[in-house]
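First chain A sits with chain B, and in the next complex the same chain sits with chain C.
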Partner chain A sequence: MRHQPILTVNNLNISVSTPLEVVHPVRDVNFALQSGKVLGIVGESGSGKTLTCMSLLRLLPENVKVEFGSINYRNQNLLECSAEDIRKVRGNDIAMIMQNPMIAFNPVRTIESHFIETIRTHLPITKRLARKVAVEYLEKTDLPNPKAVLKQYPFQLSGGMLQRVMIAITMSLKPSILIADEPTTALDATNQLQVLKQLDKLKKEYNTGILLVTHDLGVIAQLADEVAVMYGGYIVEKAPVLKLFNQPMHPYTRVLLESRLGLTRKKIQSVSPLSTYSKNNDKKCPFLDRCEEANHSCTSYNLEYREYEKDHFVRCVKIHESVGN
Partner chain B sequence: MSLLVLKNIKKSFFLKNSVFEKRRSIEAVKDISLTLEQGVCLGIVGESGSGKSTLGKIILGLEKPDQGEVCFLGKNLHNLNSKELKELRQNLQVVFQDCYSAVNPRLTIGESIAEPLRNYKRLSSAEEEKQVLELLKKVGLRREDIHKYPSQFSGGQLQRINIARAIALKPKLIILDEAVSALDALVQIQILNLLAQLKEEFQLSYLFISHDLQAVNYIADCLVVMHQGEIVERLDDMEQLEQLANPVSKKLLSSVLPPFPGYMKCEEI
Partner chain C sequence: MKLNIKMQRTLLNHKLMIISSIIILGMIGVALFASFLAPNDPNLVDIAQKLHGPSSQFPLGTDHLGRCILSRLIFGTQTSLGTAILVMGFMMIISVPLGIIAGFIGGKVDYLFMRICDILMAFPSFLLSLALVGILGPGLFNLILAMVLVQWVFYARVIRGMVLSVREQNYIVAAKICGTPKFVIIMKHILPAIISQVVVLVFMDIGGVILAISSLSFLGLGIQPPEAEWGMMINDSKSFFRNYPSLMLYPGIMIFIVVIAFNLFGEALKDALDMKRAGGGVE
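Let's turn to the complex of A and B:
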């Protein structure tokens, strides 16, 4: 049976005003996140994935605005609720971990004080109890000697350890949604695996829904249940993970999948280097300039986002044509 | 004659955690010997903190080893006067991971690329521009880009500019210190393909330093694995990658994520 999604994003459009022009880095984004599931968002830098995440918690900078759309969490539109309400949601219901753990911590405070601050902001408990909670969650991370870690400063820990501490802090509040924005990009391969393992644990033990943003398809293959591929601000394809890897439909997804490095020494063809997104709001396929399969029908493009099979959405006019007729 | 010979290189750093603590030394590189031939790409893999970047800096002459010799083109790099060193450095270039901090933000990229040419060659400005344009073309950038500033480029484009600068003097050896680690998958492939093509064209040698075994596997001809300042394993034939036997190498191998969903690697470890 299908569960009610815990978070739904409908028609999200974001605009950035610069002194010269207004650009639209996120357009028509729709997705739903279920509890206990991982939705992966893949895309290259500049495809709008981080802005999408930031908008969920209303953390966008001043010159960036949500034009229209809605973000529904437990019958509440996060875009319309008061500043007070959104503060309660942040951390407690929807938590976020960032790409670079070195920057996310305050360098002059110990790990312990980060823990206590976070826990006591949301729960009415004493410092002593908060410290106990901190030890308890840090033990679950499998970090060696958790009590000693609590007394240390962020710069004394490695990036991988810090990222695991970060996850432990978010875990201590048992959020129902975790937004992980490139959680392993700054880490080396062995650390990456440990962080992924911990995210997996979080999902299984606490039934947390995870929004996993990354450009690494290996990470997606490892963790995600469903994948949305973003390009030029649009979700160009969305499907369950096995279907996406086995039957990619959109040309961009195919290019992405073909360009994975592996342990075989196969030569990989590189695609044309230039990525120039159309900045104005014209309804043109964002991948048109780089697409090798494009033909005349692609130029007059209506960017319909169509369900090609059950749960498999594609935004490509050629595929609609070949299937529709 | 081998292009580069390292003999028993040692380097340690001093550090202390607090004002009151006695300073202690950390051996970043312990007794490393290596040889690199012309036209070969040697991969150096290891976890963060294994001393691979320090080794790169020693070869470049940016760090002085406590012990040992670096022989580049038959001369001991750390035993030369500045004039001889300058002469030798024509043949030795580097590309770093952080492409943004590797270029001067106030110079146009044309000027950045021309810098090594100005250091070593006396060219007329027309000749210089011609060479810069040629280099830009080689790395897949456009003519118009010559007057742009670094902030107008993406990471992948800037990394290509750094590579253009590195090949400007037609060096013999380029040290690539995590040169593709910060880039997206698609851009990574482009850069790796570009490097492979340039290697063929100019008979370049690379020292490819990375923690990513997949990228190393794609480009390198042979491989050493470093751990805590030591070389723990060497591999001369990349086809035998799966046969790496040292526990450190095995850990690196096993942390490569499988390319398809369905294998839960997390549970094994």
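Let's turn to the complex of A and C:
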């Protein structure tokens, strides 16, 4: 049974203007997020993952623009609502966890003041009550001695602790969507597990939809319900997690999975990722230069995004051909 | 070896800081208690006593109108420092908010702000203040107005630059992600991050402001007689320079001491607040 998604992104196109040219790091991105589900986005650096996330909160840098497309959250187009409306959505409805927790806190202010600032931005409560809420949610993240943690400065805590503090802050507002932009990249294995547990708890307890951006396939396998693989600004393949791992269709997904550590490991062909979208014209597959199966038909097709099986979308002309035959 | 040089630097810094702050505090004290410290009425004209040498009644002698020079120097501290502090204060009131707004909001607001700065900075600033005072007419209020109107752009631009470097910090992005309103971000994250640099800027430049006020007064455009002011005192005594050079020397020395004290204090403060050079520790 299919639920109504809380967040849908349609035909999202983002352009970056540089003094030399205008590049399009995100093209035709479509996805939907349902509450209580985790959508993983995987892809290499420069494939447009982070820009996609930032565009959801309308926090793109000045030279980056959303060309067209729509982002709908509960019948509200986030790209068109006023600055004040989007500010209220941030944190309260759509929260985000940043990649490096060590630099996401103001070094001269205590954990408590960060907590209180965020809570009181969205809820009309007193400082004392906010402090209580803070302790309550820090306890939920299994941090030892939450009251002492509140009095500490960010540099006194470890990266894993800070990441859990960040999760506690986001949890305290019970957002309906959480964007986790590489939440475990800066952490060691033990802390990664802790953080993933917290995310799982958040999903189960508050029915939060999580957009999990990472390049760690292990994290995806553990947490995601559905996976979108991005390459060169396109979502090249999207499928439920088991299907993607068992029957990858797109050549990029296949080499990505094969590149994991294992007995049958193959080396992925490397090309500077920047070249993938600056050279790319609209009629050429972005993965063409690195694809082992490419032939003449890959240079001119309309990059159609087709549902190959139920819920399994692929953007590759070879797949379309083989299915067509 | 390296540590040694560093330690020497810090010590030297410390000494400079102590000496300069003693001078500054002393000057402020003199300004505040001018009426108690001055041996005579600074504006009392007595032609019969004119151009006297030092005596027990007039410790530094009298000027061409028979006024006590020491008393005039003491009251001059009040006018010079007071005016400089007022000018600096007004400039900060204008340039801190504008610099922060331009730097933080960016985009078109910033562009407009920068063009206004470009226009104002295209003129030599002292000449522009001079012209403004010329149009508005001399006087304390017009002097302050002219200086503030012309010079705030420099400070606003520097402050904008400070904000730009803080704005890109990850914790500001994190605060935005949490939906913190702009005003709160400015008050809680941006202002505390730049305030120490602003204080250094103020102390580094207040000497220059004192010089500018004295220059304008020297030209007869600032503080009006009979009020005592150092620049004006130099101007008054320039016709007697050959026979009574000390008349010109005393206010000159005062200006020199105050300006150099503020400059050294600013320098020392800059080094002290520079965490990298101080060795990373913030006490």
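A few remarks follow.
By definition in this document, the second predicted complex is superposed on the first by the 305 of 325 C-alpha atoms of A that agree within 3 Å, B and C clash if a C-alpha of one lies under 4 Å from a C-alpha of the other, contacts with A are read in each partner's own complex, and residues count from 1 in each chain.
Quick note on the criterion: contacts are C-beta pairs under 8 Å (C-beta built on N, C-alpha and C of every residue); 3 or more make two chains touch, one makes a residue touch a chain.
Not measured: the values here are computed from a predicted model.
In the superposed model, A:Lys151 makes contact with neither chain B nor chain C. Once the two complexes are overlaid on the shared chain, A:Lys204 sits clear of chain B and of chain C alike.
By the document's definition of touching, of the two partners only chain C reaches A:Phe105; chain B does not.
In the overlay built on the shared chain, the residue A:Lys132 is in contact with neither chain B nor chain C.
Contact with chain C, but none with chain B, is seen for A:His122 once the two complexes are overlaid on the shared chain.
Of the two partners chain B and chain C, more chain A residues are in touch with B. When the two structures are aligned on the shared chain, A:Leu57 is found in touch with chain C, with no touch to chain B. When the two structures are aligned on the shared chain, A:Gly46 is found in touch with chain B, with no touch to chain C. In the superposition on chain A, A:Val89 makes contact with chain C only, not with chain B.
Once both structures are placed on chain A, no chain A residue is touched by chain B and, in the other complex, by chain C. Interface of chain C with chain A (complex): residues 106-107, 169-171, 173-181, 184, 188-189, 192-193. On chain B, the positions that touch chain A within their shared complex are 17, 47-49, 140, 154-157, 160, 184-190, 193, 211-215, 217-218, 238-239, 241-242, 251-253, 255-262, 264-267, 269. Here chain A touches chain C in the complex through residues 57, 59, 62, 87-92, 95-96, 98, 100, 103-109, 113, 117-118, 121-122, 169, going by the rule given at the top. Within the complex formed with chain B, the residues of chain A that make contact are 44-46, 156, 158-159, 188-194, 196-197, 200, 215-224, 241-242, 245, 255-256, 259-263, 265, 268, 270-271, 273, 275.
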